[in-house]
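Everything on this sheet refers to the single structure shown next.
Naming follows writing order (A, B, C, D and E), and every chain is counted from residue 1.
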Amino acid sequence: QETIKVGVLHSLSGTMAISETTLKDTVLFMVQEQNAKGGVLGKKLEAVVVDPASNWPLFAEKARELIEKEKVAVVFGCWTSVSRKSVLPVFKELNSILFYPVQYEGEESERNVFYTGAAPNQQAIPAVDYLMENEGVKRWVLAGTDYVYPRTTNKILEAYLKSKGVAAEDIMINYTPFGHSDWQTIVADIKKFGSAGKKTAVVSTINGDANVPFYKELGNQGIKATDIPVVAFSVGEEELAGIDTKPLVGHLAAWNYFQSVDTPENEEFIKKWRGYIKNDKRVTNDPMEATVIGFEMWVKAVEKAGTTEPDKVIPALIGVSVPNLSGGFSTMMPNHHITKPVLIGEIKDDGQFDIVEQTPGLIVAEEWSPYLEGSKDLIADWRSPLNCGNFNVKTGKCGGAGQ
Amino acid sequence: MSTSETRPPALLTTSGLVFLGVLGAAVVLVPALNLLTAPDSALHVPTYVVSLLGKYLTYALLALSVDLIWGYVGILSLGHGAFFALGGYAMGMYLMRQIGPRGVYGDPVLPDFMVFLNWKELPWFWYGFDLFPFAALMVLLAPGILALVFGWFAFRSRVTGVYLSIITQAMTFALLLAFFRNDMGFGGNNGLTDFKDILGFNIQADGTRVVLFVLSAVALGLGYVLCRFLVRSHFGKVLVAIRDAETRVRFTGYRAENYKLVAFVVSAMLAGIAGALYVPQVGIINPSEFSPANSIEIIVWVAVGGRGTLVGAALGAVLVNYAKTYFTSGLLAPYWLFMLGGLFVAVTLFLPKGIVGTFYDWRARRRASDDIPGAEPAAAPKPAE
Amino acid sequence: MTEALLYLNAVTVTFDGFRALNELSFTVDPGEMRAIIGPNGAGKTTMMDVITGKTRPDKGDVFFNGGTTDLTRLDETEIATLGIGRKFQKPTVFESHTVLDNLRLALKGQRSALPNIFRRETAAERECIDAIFETIRLTEHRDRLGGALSHGQKQWLEIGMLLAQDPKLLLVDEPVAGMTDAETAQTAELLREINANGHSVVVVEHDMTFVRDLGVRVMCLHEGSVLAEGTLDQVSANERVIEVYLGR
Amino acid sequence: MLEVDDINLFYGAAQALRGVSLTAEPGKVTCVLGRNGVGKTSLMRAIVGQAPVAKGAIRFNGEDITAMAPSERARRGIAFVPQGREIFPLLTVAENLETGFAPVRRADRFIPDDVFSLFPVLDSMMRRRGGDLSGGQQQQLAIGRALTMRPKVLVLDEPTEGIQPSIIKDIGNAIRYLRSKGDMAIVLVEQYFDFARELADHFIVMERGAVVLSGDGAALEDPDVRNRIAV
Amino acid sequence: MLLALAVLSAAALSAAALAGRAEAQDVGGALAQLATNKYDDTEAALSVLALSGDPAAVGIVSALAEGRLVFGGTPPRVFIQGEGGALLDPLTRQPVADAPAVKPVRVNNRVRRAIEAASGALSLVSPDPAKRLEAAQAVGRSRDVAALPALDAVLAKETDPKVKSALALARASIVIGQAGVSEADRIAAIEVVGAQGNQDALALLRSVPADASPAVKDAAAAAIAGIERNLALWGAAQNVWYGLSLGSVLLLAAIGLAITFGVMGVINMAHGEMVMLGAYTTFVVQELIRTHNPGLFDWSLIIAIPLAFLFTGLIGVIIERTVIRFLYGRALETLLATWGISLILQQAIRTLFGPTNREVGAPSWMSGSFEIGQLSITYGRLWIIVFALLVFVALLAVLRLTRIGLEMRAVTQNRRMAASMGIRTNWVDAMTFGLGSGIAGMAGVALSQIDNVSPNLGQSYIIDSFLVVVFGGVGNLWGTLVGAMSLGVANKLLEPYAGAVLGKIALLVIVILFIQKRPRGLFALKGRSIEA
């Protein structure tokens, strides 16, 4: 029997395997679920898994292999922005579809890519607002790994904080290399910065492997959440699974989903997921939810279009709305990003998050940040007649700010 | 018996001829089967295979450059990826400038990543990269000058063996960290990507890909002939002598450091050319090319193919990368590291001189007389330390 | 004094406080052959190390070419280029080069890197190598690798390489160690011949028969300085030499 | 005691020994003579196990040791003074000597006085690194190291190479002394003919990997022997 | 403000002997507020409880802090969850009859701070001096003017000198920045605060109002200058300490490599994976302890150290026997083989334990920190330094003083000759590689305390390890020690100026330049045998 192939492009080895393997399993799980429901368009789905091995050029090679050789109808994949940047030209050239499930720096909207993770305004800004309002934070440490996502996010945050009247000397920005493991000095600096009499918080865009030693050092140096809370954008349940969270209780994270979300949908999802993965301790996290949303949107769009033909599915995706796991519906917007609620969680001693705040409604992604000089006039709308990812509202032209 | 007029070794040995023959055949066949056959024909070579092969060939050239200094001079560079990456960046910068106003922000001059970091003007080191000849020159000069400066210091100070290896590793690691920084002006971790065209040709067109493939093959062929020419010259013999007994070479009156420096710079430039051909074919260059693990992998390719055989280095690069491509797909994908790791262990144990090296040994043994004089090579080349 | 080819003046070398050479002074005249004997550890090899630039003296001068060149300021390569060739005590040849290539590499001629890329062997060079092969009797081993030779064969190859270098001054450290008596005699003959052709030679050896065969001035080192100097008979009659070196 | 019976040895495809036989007995010195490259060192290597033989047998006290690891042969009492000394360069002189303790009973783990009385220079250099010694000092150290093993068979490959005349005499005396104790078999490779002639109880002469002459010490006076060794 | 009220009332209570009058009504209201499970209500209830002086209040607040305060039923009521989950009445502490389904009252950072303040206020009059001390510090931190009269009242009564000085400091902290304080009073406060000499004091001194008299300003400026000088010194010392602690991590990571690479000459690319295996051994040990005997948890690392040594040592022996032993004399081929082995080990761990981080907890004796002057020292780091030095000394002793150490060195210098000396080279080789691997495994136990326990753990140390061994001088254990420590300290001294990224780049460049000066590392082996 003929099948519809679904490509899975997540690193199963190398540095990113730690995060991406789960997403591969999520896609396989969704495929199995969908097949149990009878597949799509009367055909069974078949997942094609490849391992781009945390190697960026290999991502491009594997993307090409999936599309050209395996003839997959859609690809779920990538985590780091550079891997996405690496495969972008391939998806454009071969006109296929990529679902990208991770929070990222924005500044991008492509016809062939659907972004189901958060743009900066769907994560960072609500988190800062929460800290200002609820913790009375006046002084800010923006600590990040030295690459494009943290840099962009911090740029946006810096502009935002200043617009809220925060003085320049009350913002400390610090970057560290990937995999940084000796945090003694920086944590001490944070402590020092925080002892100036004003309530201080840390906004962490520290990514990947560096987080565990960072949190361990926080715990060691006794920085408690009641003194200097840390809010992170890249630390979820999966990352916490590797840390003893008792000293970290009260530190925060901002996501669009937490495993502790108290909804029947989520409960059901967790149950099935654990059954699928055969591990009743296995956690869930935000990029998983984003993957699930993306998958369901694709299925819906394919059914709507009646074909897997990208040229038909891409327009069909806009406006598709599926239930998310936090009790609402997420909708694919014309900018190829989705609407999301923002949740703020405090770390609990069991490695889960206690949701302390949830935005009342869903937030629409600002793929082009209004806080950045080069992009504040840009919008993306992939519907006719605009059909443009970087439309300049000032000049009224597609193609950025130029001439 | 009374004259030393033994013929100098031929520029092209049998295996060299076979190697160039295979390359030549590929240059003719692959484009023909890609462009001239129908996509559904059994003979059709899909474009992605062309790009893949092109990529392997640039790796082969890179491996060749490493074999020149490792196999023949005993310099184990654990940072050769840096030269490859520099060549790649030089080409990448040219390709970025070619994008012109087609970037997402539509800035006619500044690449996207600069716009979005709020840069107001092009940094000086980006000047000139809009011109291909300049970029092509930089493909050679950037790695060449780095190698010259680094080698000049290191070889004059007589840094050898693992000490040299480790500082080459430190060099590439420092460059990795530096290029990672957005402030460096090379696009940070995202690197340079989303290229549009090269010399006015659409970089994604089948024709362009085929031409890039052919260029890679030609570069590899020429690189091979150049390396052969070097190693069989008197110069090359001094290189091997340096590998075996550097002090003795100095006492014989040769300036060992100059010989090493020439070889190192030539090798770095070859690596730079490989990088420059690699970037348009894979479509991205980012700092991970500087990662020490990448450089170690190059060494592994050379060792698998056979150190000090040139052909082996190229073969090893293609084989290992093909294995990688093959193992990372399909059912084996989650276990491919077992396969690859196992392959490396097996090669060291069962093919101690690499594939080609072991083949040469076997052939030599078959030809060898069983008498003592005129016997076969028995002493393995001494390791570099 | 300015006539001397090689002139060591009060050279002292210490290793972690141990004096291997102690105010050693002597001269070698152009065209002279000099034999050096002395107990194990007297500093003979160290002396050669100093002359060839391998070891820097703590103190003292080493002049070459009648005092025009201070060797202590030069490195090994420069010293070799001046025309000082050396055979090492432990034979060192290029192990993965053939015997023939070992000689080719040693052969006097172009030493710079770039020109050597395009260098071709001349007929004269070829003849020269053939002649050396005759002398060292390794012709039938010419295509074997240096590393596959026996100990004695390597000794001969190293002598051949020294000949190929055609230096003004040859420093020969224990050339006949591991040779048969007949070969020893031959080597002495060979060195005399070389010396007769105008080369200066300094030989270190423990084999008294060989030293006698050389028939040249002998110098005995002890604890880093000259203990006795003269003909072999004079030196070997010296009580101290007998006591520390020859034995009774 | 030690019997080498008709052995062949190859380096790769090149044959270095062809049907070589030799015996060594306690209290006797067996000399191996021959020109450069005839296979003397190869024969010694075969005896101590550093090179595998392709054919034939090596027996020690009746036990077949042909396939035995070098360390086991050493533990049975075969000590080796190799050509080229092979000192452990980074170990001190004392430590170099102590490496010889491996086959020795715990109670005997001291350096025999013989070593220092034969080579007094070693005593004064105990803390220096072996690799820093002069060539001749290293040779003395190599012999001392072998004696530390209290061997039953002592295999000496050109032990006088690079040694000053007075010590050569001492080594000669030492070998005579060891022979006189009567419990040690000595195999001696020597180019220095007079030295060999004075010591040999038995000898063999090799050419191109094969034994061409053999006999007892007295037969060494035969001019034929000298001819064989001459070039 | 809340705190000030609490303190005020507590002080008033103790002073006016109002303790007997239970304000049951207030407490009842507070309990009702708690039962709504809203942060604002909880916070309000806490301030009421702090004021109430009800003996039950302390129990309720601490139950909330420990997550044992639960609510449920209709209308919702709160209970305290006792031992074994029985629900107790919060006031009477008697078991309730018809226990409804309950959930814990939620707590966030704001509530946590309120809890701290409330229990601080409640314990300012606590009979336990330690509690009073904490309370005084909490009040000081609040810097709330309203607390001043209460503070004065308690201060007059306090007899414990420690608590008294803490109270005095708290008072000074409040006075110093407050308007309308007499000049003398403020200068006295500046003195008290200035004597603290720490970062907090600096912040307080800087808050002297701009309109204060010149004398006050001078006093403050002098105190600030003094503290800054003092802090600069301590800061340098702190950086050196960080450097030593980073150095000890580098030492641990590198020391096994100093054997397999430094002594044996194997370019051991699988070294990092041995460290990783050690870390996973720790994880497994802790898992077993957690499931079988949680009481032993504090011993888990002590138990893991020998196990990790044996386990990774055994893996090392297996690798040596099956692969490495065929490669002696071919140093460069070992790179290829061990690279392959490292890939296999990584993937094996990934397959067995999954790709994600595993949790390794810290025993209590490794948690927390103490201060020497202005130097803050964390126990975890301290123990790691101690452990690294112990391992170093032990290894040095094995190599220098034991028979096997001598044999190891002999074998690696000349394998063939060592065999002819009767040394069982196979055995020695296996032991040496096993020793190096085992030590790497022990390092993994320590590193599991500060880094990710993931399949990638090893990769992150391999470059640094080689750098340290080579920088120190291959084959010299002292070199590895000094190399690790100097790289650690240099890194930490550079970091404050250049930042973490540029600092690291600068360090790499320094190493490259240093090697030009000393081409064989810091502790180069010298002598003829090396130069040959």
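The working rule: contacts are C-beta pairs under 8 Å (C-beta built on N, C-alpha and C of every residue); 3 or more make two chains touch, one makes a residue touch a chain.
For clarity, every value in this text was computed on a predicted model and none was experimentally measured.
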Compare the CA centroid of chain C with every other chain's and tell me the farthest one.
A
Count the C-beta pairs in contact for B-C and for D-E, then report the pair with the higher count.
B-C
Mean of the CA atoms for each chain, then the mean for all of them together: which chain is nearest?
B
Please flag the chain sitting at the greatest distance from chain D, going by CA centroids.
A
In whole angstrom, how far does the Cα centroid of chain D sit from the Cα centroid of chain E?
62
Distance-wise, how many Å sit between the C-alpha centres of chain A and chain B, to the nearest whole number?
36
With centres defined as the mean C-alpha position, give me the chain A-chain C separation in Å.
74
Compute the distance, rounded to whole Å, between the mean C-alpha positions of chain A and chain E.
30
Touching two or more other chains in chain E are residues 346-347, 459, 501, 504, 527, 531-532
Of all residues in chain B, the ones touching two or more other chains:
177, 180-181, 247, 334, 337, 375, 377-378
If I count partner chains per residue in chain A, which residues reach a count of at least 2?
12-13, 146, 175, 177
Tell me, which parts of chain A touch chain B in their complex?
12-13, 48-53, 55-58, 60-62, 64-65, 68-69, 80-82, 85-86, 88-90, 93, 107-108, 146-148, 151-152, 155, 175, 177-178, 372-375, 378, 389-390, 392, 397, 399-403
Per the touch rule above, chain D residues touching chain C in the complex are 11, 14, 35-37, 41, 83-84, 121, 128, 132-137, 139-140, 158, 161-170, 191-193, 229-231
Which residues of chain B touch chain C in their complex?
1-6, 8, 229-230, 233-235, 237-238, 240-241, 243-245, 247-256, 258-259, 261-262, 373-375, 377-379, 381-382
Which residues of chain B touch chain A once you look at their complex with the stated criterion?
46-48, 51-52, 55, 101-108, 113, 115-118, 177, 180-182, 188-191, 193-195, 204, 282-284, 286, 288, 324-325, 328-330, 333-334, 336-337
Quick check: in the complex, which residue numbers of chain E touch chain D?
403, 406-407, 409-410, 413-414, 416-426, 475, 525, 527-530
